[in-house]
Every structure is written in structure tokens, then in C-alpha cells.
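Both complexes shown next keep subunit A, but they swap its partner, so subunit B is in the first and subunit C is in the second.
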Partner chain A sequence: MTVKVEVVEGGIPHNTIMAAGLVASVIFIYLTYANVLTGTQLFSFFGGLAAVAAITWGSHTIKHLCSYGIGTGVPSAGMMAFGSGVIAMLFATKFGVASPIVAVVLAAIIGAVLGFLSNNVLNMRIPVMIQSLTEMAIIGALVLMGFAAMISGSFEFNPLTAGSVTILGLSLPSYQASFIGSSLIAVAFMLGGIAVQHPFNACLGPNWTQDRMLTLAQECGFLSMITAAVMSMVFLSFSAALVSVIVALVGWYYTYTKYIELSKRDAAAWLDAKPIPELEGH
Partner chain B sequence: MESIVFGIGITALAGALATVAGAAENTESDIGSQGDPNSQVQLAPQMGYIHRIFNKAIAGEPPAYGLWVALGAGLAWAFMAMQINPILAIVLGSALAVFVQGVYATTAYLGRIASLSKFGQPVFIDVLKSMTTVTMAHAFVAIFTTVTICHLINAALGHPFPLPLLGLVWGIALGAAGSATGNPFYGKERQYQTQKFGAGVPIAASGNIVRYAEAGERNSLDNGWFSAKLGGPASGLCFGLIVFLELWRTVIFEKIGAGWGAIVVGIIIILVFTVIDRYIEVWARKNYGPYGEPAKEGS
Partner chain C sequence: MDIPSTIAGIILLLVIVGATYFLVGAGMMFYALIGVIVGGLLIAFGVHFVPVGGAPAAMGQAPGIATGVAMLAAGAGLAGLFGGAWAAEQGLVVAVITGAVGGGLMMAITCMFVTFIYVFGMGIPCASGKVAKDPITGDTQTEYKSQGTEGHGLPFVSYVGGVIGGLLGGGGGTLIYIMLLDVYKEALPGMMKALPAQVLPIAVSLAGIFAVGMFLVNAVLTAYNITGTIEGPHDPKFKRFPRALVASAVASALCGMVAILIVAM
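So, the complex of A and B:
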């Protein structure tokens, strides 16, 4: 038997965040398809924005799930999301243009099965478990697909597995120089996995506020996007990678300063080089 | 024969790097109160003990170091793919990974403390400024050495896994070694120097961590200084042995029985260490602490 210890009071309802995150993330992934339509790579940065949208939604799902005191660390939820999401994402990349939609559907099925197993076989009996794990799997798949699209410029299987190495001016095809073959997908996995669990893990406590946590989620997303943009320099033209780096840096700086302001607003006091204040009764 | 000598040389170098990595990792996480000692740092203000300890809860150490090292390795791989010399590529990759670590550390501290405002715990900006940089420096050493180990395993020993995947695997191993070996020196000893040694933490003492130092108020740099003396080297020894024995058994015994030789030797090493650990545990219980009798075998 689990007891719900915290509730979301005020703020944006969870279903609104879920709908906004899902729609924004899928649309942003599809906007990277403009690369194919226009024959450039300049639209790759939309993949990073898709990841930011999904991470923001994911942080709130974790808040929703962990408010039931699931008896485990918050980080495990992030790993769970990406462990189930990576299966859906990899399988879905075979479906060409339909990949993002297939990823969402497939991840939903995998998440629902995992949720059913947790609740009914492992007897966890947490009311939001099936819904949350379904959401987490979709989030994992979308973040991975977003980073894949951002780093390699495409969300389809063939471009993700085919790269080329230049030896003495000759360009040779090489599986190992691709997004999946070089295991950059493992880096994307960890970037997303830590980014999605960190906002709630960092902001949990009696004075949790929704806007502060969601700002931190965006900050984590943009921070991950900066490093993903640097890695994309291998696969994309310099100008395309530069656009990604600039978008990520601007987004990160804005959300980071906003997060510090919100922390200042919520903190009991903001002291610099002061001793521990004396409290009454201690 | 020559390839085996070369392999042993790489093994020794990787083991030495791993020792440095483990020591730096544990000191970094103890300054940031990461891992299991974090629960008491987080609890202290709720019990009325306002403190000036750095509370950098990013994740458990294994996932956090999984990210830092995988990220450092991924970036280093990317720079190497851009024809940058490996040493420079590893330095640049580790530096960018440390930037990410530093940002995560600041947001974790601000978030945790701001969410505790009900209990009057203030945000100390000087704690943030002085300690984040120290954790970043230690994290850089840990990430750089571990990514270098991964590069040696991949480039010199010819391991089939690509660099970022090795980074993920060894990063998690590094975090696990530091978390399991080094944390007791901080969480069980340093935080509770006022309690009787070996007594455990009674409920009444929960959150009552040591907050005042020999002079003035204790901060996390003091904890880093303390754990660098015993916890850091112990973690370094642990991770160094893990890397050294793992590579040693692979280099020497992989040719025997189509790879099964290395697996059998691995199992033997685990059994030997199980016996040693059990012996040390019983010996320590007999000689230290308030335990009258060692617990029954198998407990």
C-alpha cells in the first residue's frame, strides 16, 4: 500500500504539460525533416528542441510518479524511461518518415506492458504507474530520436548507421563512424537519462515549485543540447553545427539565469560568506 | 610474446590511471555530499540543524559518472573523428564534460536548498562559488584519467567496443567503486564524529551531522580534506584493482580455451576476493567497535 504524500497544487495541470510536450516534441522532430526537403542540414537543431520539450514533460511525469513515494531513487525513473525508450526508438527508425509516430506508439506499448508488470506482477500497486511508465517510455524514445536527428541530421535508420571516414583524402564508408556504430547513442542515452531525472531530484522537498522545476528541466535540456551540438560537428556541416551550438547556448543561458532568479525567489535567504544563522529554539 | 608484454604494460598504465581516477572521484563526490551520505545532509535542516555543507545531489554516483565519462568519451571520439590528436581530444572532451558537471552541481545545490526554505536553510553563495570549482577540478582528473583508460583499452588493446560505450561502462564502474568504497569514510565517519565509533546512527541522531569545525564552521572542503586521506586512496585502490585485474586476466588468459580461460580466471578472482573480504570483516569486528561477538557465520 502506498500513500500519496504530495500533490501538485496550482500551476499547470499534468495533462496540459503532457499534451504540450508530446505535440511539441513530435513536431520539432518532424521539422528536422526540412533537412531532406531543402537539401541542407541547417534544420538539425530542431531535434535538440524536441529533446528539450520531451525532457520538460518527463520531469513533470517523474514528479507525478514519485509523489507516491515509490521507495526508490528518482534517478532510476530516468534510466527506466530510456531503457524502454531506446528499444522503441531503434525499431522505429526503420519506418522512414513515419519513424517518430511509430516510436511514440511502440514506446507506449512497451511502457504499458512494463507498467502492467510492475503493478500487477510485482504488486507495486501505484495508481499512476501504468500511465507514468507509458509516458516515460515515450519520452525516452522521443529524446533519443531528437538527439539522433540533431547529431546526425536524420531520424532514419540508414543515415544513423552509415558514416564515412576520410583517409588520405579518400572517403570510405564506415559503420563505426555513424551515430549508432560509434555508440554516440549511449552518450545521448545518458545525457537524456540524467537530464530528465535531475529537475525533480534537485528540486524535491517541501517547498517544491512547479515553475522552478520546469525551468530547470529546460536548462538541463539545453545543456545536453550544447554537448550534442559539439558532437554533431562530426556528421554535419560546420554551419549547421554552429546554428545548433548558438541555439543551445542562447537557450541555456536564458533558462539558467531564469532558474537562478527563481531559486533566489524561493530560497529562505540568499547569503554570501555569512555564518549559520541562529534559529529560535536551537 | 611481445604483444603480451605490450599488453601488460598497457594494463599497468591503465591500473595506475584508474587509481588516480578513483581517488579523485571519491574526493569529488564527498565534497559534493553525493551518494548515500547525501541523505543526512538533506535531512539535517529538517531536524533543525542548519549547515554550510555542499549538497550536490545529481544522481547516484554510478549514473552521474556514467554520464560524465560517457560524455567525455563521446566528445573525445568526436574530436578524434575531426582529426584532432587523441591527447588534445581527450582533454577537450573532458573539459566540456566538466563544464556540464559544474552546471549540474550548481543547479542541484540551488534546487535542493531552495526547496528546504520552510526549515530556514539559506543558500550560501560562497559555498557554491568555492566548492563547485573544487569538485570540477577533481571531476576533471577523474574523467580525464577514465577516458584515457578507455582510449588505451580501445586503441592499444584493440577492444571492439567504441570509445563512448567503453566510457559508459567504465564510468558506471568508477562511480560504483567510489560510492561503495569511499563513502563510508564520509557518511559513516566524518558526518558522525560526535557519535561512538561503530555504533551506527540511532534515530535520535539522524540529521545531527557535525556542522562546526576546529575553528569556525565546517564546510565541504574540510570533508574533502578528510576523505582525501583515507576514503580517496581506498576508492583509488578499489578502482585500480578492478581495472588492472580485469585487463590482466583478459590479456594473459584470453587465448586459452577460446576466451573461456579469461572467464574462469575471473570467477577464481571473485572467489579469492570473497574469502579475503569475509576474513577482513570478521577480523575487524573482533578487534574494533562495541561488538562483543562477531555475528554468526552467514549473516
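So, the complex of A and C:
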């Protein structure tokens, strides 16, 4: 099954997207650290932008891998990314400020081992298998860390596991009211997993175009970011959560209109069929 | 089977197990790693039984359930995991059996409604393309098979395979969850300087998300082994399972080591 069924023609080369996605994602995650430096929570929305950058890179990696016809369906690649990424991300949160770097390194190791197992032990024999699964694990870890930073305002283990509940004006520490304790990480897992696999699944085919798929990836990322921003209202101050919601909504609206434009450009013909036709004379 | 790579994989497995033994000693954490590896093996072996049809099955051109391994694993396996998690307080054996029953039940229901839709909705009989006679019932298959297809619907042996796969997958997923939950319940109170009851949500959440992650990794590795589709235990692809067991043992050991070190370091 090593017949390459599609080729990347023109457009931005994969390595450029990979480098840009990795650098942008790590930098955006570090920008949420401005929360700690300035003592506010207003910079949490950078976590969502980190997730969007990683998801955009991830959709192109999936395109790179799945163009070899791996036979298991595109969603399996997204699930693999987050299954391996969540393990690296949770372990890395223990390392304080160095967490994003540790997450990238550890995810790369786990991904490379999984790639070796798939390619050599399971005999897949796909040239880009090891590189792609390494990238996928890093993407999974970065997306989860981005959403964690966005929802709880931090990417370190202690703030992610400890929260507080206010009962009758009294603030009590509670481990249940935290990003990990309330299992919001499972929601972030699926929000990212579906956003990363959907763009290629939706755009694949003979008239695949790179800019359309990447725009859809950004749109999916911002859509997940809206949900994450709403969830962040539990943990962050209202103004910080509001900033996240506005950034996510603006980003989603911009990428959505752009995606519709690109879809019309690539379509052979299109008809603006109204969802409910207005019937006259009844 | 690629012998040098398989040997390299087994050496990697021994290195990971040895490194964990060196880091945490022969205590509960080390036995938890062994439990995680056994759970991973059960999942990988179980997925081979599940009749995964993929897109051709949805068009009635191949037998099996009309979706991919990732979706079936998430549906049946995680249903078992959640079932087992409810019984976590009843002890290891009861919880693992409950998880297995949950996964098997979910697959049985899925297979039944898939057959309903194939037979009454799409109007196709159930026929295997890989064997002339059903190994369990002895029914002949070729008369019912349409020309140009690899069979269609869900033959009886695939149904039984699906239930066995659900049992193994659900049990394996629950085993991973229980093993990690015990480690976290033991280690987290000391690490976070809090009462055991206070950190229980953290322990449950961490063990749950790690179990889900490992479940998906093992399921997708197995999907790569069967290149996406399989009819059930009678399919010739089923014989490929030894190499999936090697890959799954290494992957589970690596992920399990990281999951255990989060509280051991």
C-alpha cells in the first residue's frame, strides 16, 4: 500500500508549513506566560491561537501522510495524534516554564517510536510514516497545551489541577474545579482531534487545493477555540474570557467567509439554494 | 514479518520495562506498568476480531460494520472502559469483567442494528467473501454473494467476532484505567500535599484520559496492521496478529512508563 495517489503540486512546501506551525505554536503558548508576568489573565487567548497554528500544520501533515493511502481512514490519524500527544503533554506540564519545550521533545520521542512500530514492525513501508507520526504527536501535545493554557490561564501542572470554588462568599480550594480535575481535558482532546482531521477529510479529492484546506483548518481551529473560550469563563475573569471569545469569533468569521469564497472559486458551478424556499400563493 | 525490526521492538520493550524497574523499583508502580502492557495487548488482539468494514461496507461491497477502526474502538472500547470505571471500587477482577461485558454488549448492540439496517434498509443478505462456509454455523456463503463484491452484510461469524473483540477491548481498556487509577490514588496525595478524597477527581481524570489515549494508540496501530478493514476471526488478515502484539506491547510500555513517571518523578 505504498502507492502515492496524490502529489502536492505548487503551494507552500510541507517543511515551511511545519516550521511555521511549530514556531508559531510554541511562541503563542509562551505568550500566555505574560499572564504570570503581568498578573492578569488577559493573555490567555494566545493559547487558542497556538492551537489554531498547530491544527493548521496538522491538517497538512495528515494530507502528507494520508496521500499514500494508508487504508484506515483519515480520522485515525487525528486520534493517533491526540492519543500520543495527551501523554506527552500531561507529563510535560510538570516542568514549569519549560513545559512547551519538554512537550515537543517528549512527543517527538513517542511519535518516532510509534512511527518505527507502524513502519517497520507492522510493515507499512510508507516513506513519510515516521516523520508524520512524530509531527502528529507534537501537534497533539501542542494543541492540548494551547487549549489548556487558554482555558485555565496556565500550562503548568499545579494551576491545571487546582482550582477554587466560592461558597457564600468564601473561596475554598477545590481540585475538582480545575482543568484536569473536571475532565475538561477530555473535551479539549476531542475538540482538537476532530478539528485536526476534518480539513483533509473534507477537502481530499482530485480538486484538492492547499489554500482551501489550510483555511478550513484555521476555521475548524477557531470554531474549537470558541467552545474553549466559553469553557474558560469558569476559570478566568470575565474580561479575559470575553477577550478570548471575541478573538475566536472574529477569527472564525474571517476564515469562514474566506473558506466559502475559496470553495466557490474551486467549484465548477454553484447555486445559492436557500434552505427553506419561500413559496408564493399559498 | 520483518524479523530485525521485530527484534529491535522487543529489545526496546525490555529497555523500557528495565528503565521503569530502575526508576520506580519493584513496587506497585512496576506491576501497574505490567498491567498496562497486558491491557494494551488485550486491546490490540481484540481489535482483530472486530469486523471493520470501512467505506466499502457502507456501499454494500464488503462485509463488516461500515466505519473505521478509530470510530469502532472509540464507540465499543470506551463504552466498556466507562462501564468498568463504574465498578472500579469493587476490585480489579469485577471491574475488568464489567468493562469486558460493557464493551461486548456495545458491540452486540452495534452489530445487531447494523444487520437490521443492512437487511431491511439496504436490502442485502449477509455473506462473507473470504470463506466458502461460515466456520460456526456451516452455512454456505457463495450463493448469497453478489458478483463484483467481496461479500456484504454481517455474517454470523463476524457478529461473534465483534462481540469477542468488544469483550477483549473493553476488558483491556478497563485494566489500563484501574492500574493507573491505583497508582495515582496512592501517589497523588503525597505529591500534591492533600487528602486522598480531595485529589480523587484528579486521579480519576488523569487515569481516564491516559486510558483513552492508550486505547486509541493501540487501536490505530492495530488498524495499520490490518490495513483498515477485516472481516473477523476467519479473515486471512487475522493471522497477522503477532506483529500487532509486539507493536502494541512496545507502545503501551512507552506510554505507560510516561504515565507512571508523572507521579514518580
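In this section, the second predicted complex is superposed on the first by the 270 of 282 C-alpha atoms of A that agree within 3 Å, B and C clash if a C-alpha of one lies under 4 Å from a C-alpha of the other, contacts with A are read in each partner's own complex, and residues count from 1 in each chain.
Heads up, the rule we're going with is that a residue touches a chain if its C-beta (ideal position, glycine included) is under 8 Å from a C-beta of that chain, and two chains touch if they have at least 3 such contacts.
Predicted model, so just to flag it, every value in this text is computed and none were measured.
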{"item": "Which superposed partner A:T134 touches (first subunit B, second subunit C, both, neither)", "value": "neither"}
{"item": "Which superposed partner A:A186 touches (first subunit B, second subunit C, both, neither)", "value": "both"}
{"item": "Which of subunit B and subunit C A:V234 touches, first, second, both or neither", "value": "first"}
{"item": "Contacts of A:N207 with subunit B and subunit C, given as first, second, both or neither", "value": "first"}
{"item": "Subunit B versus subunit C as contact partner of A:W270, first or second or both or neither", "value": "first"}
{"item": "Partner chain(s) touched by A:Q176 [first = subunit B, second = subunit C, both, neither]", "value": "both"}
{"item": "Contacts of A:Q41 with subunit B and subunit C, given as first, second, both or neither", "value": "neither"}
{"item": "Which superposed partner A:F82 touches (first subunit B, second subunit C, both, neither)", "value": "second"}
{"item": "When both partners are placed on the shared chain, which of subunit B and subunit C touches more of subunit A", "value": "B"}
{"item": "Set intersection of subunit A contacts, subunit C complex versus subunit B complex", "value": "73, 75, 78-79, 176, 181-183, 186, 189"}
{"item": "Interfacial residue positions of subunit C with respect to subunit A in the complex", "value": "1-2, 5-6, 8-9, 12, 54-55, 68-71, 74, 192, 194, 198-199, 201-202, 204-206, 208-210, 212-217, 219-221, 223-225, 227-229, 243-244, 246-247, 250-251, 254-255, 258-259, 261-262, 265"}
{"item": "Residue ranges of subunit A in contact with subunit B within the complex", "value": "73, 75, 78-79, 165, 176-177, 181-184, 186-187, 189-191, 193-194, 197-199, 201-209, 212-213, 216, 219-220, 223-224, 226-227, 230-231, 233-234, 256, 259-260, 262-264, 266-277, 279, 281-282"}
{"item": "Interfacial residue positions of subunit A with respect to subunit C in the complex", "value": "1, 70-73, 75-80, 82-88, 90-91, 94, 106, 110, 113-114, 116-118, 120-124, 158, 161-162, 174-176, 178, 180-183, 185-186, 189"}
{"item": "Residues of subunit B that touch subunit A when the two form their complex", "value": "48-52, 57-60, 63-64, 66-67, 70-71, 73-75, 77-78, 81-82, 96-97, 100, 103-104, 107-108, 110-126, 161-165, 167-168, 211, 216-217"}
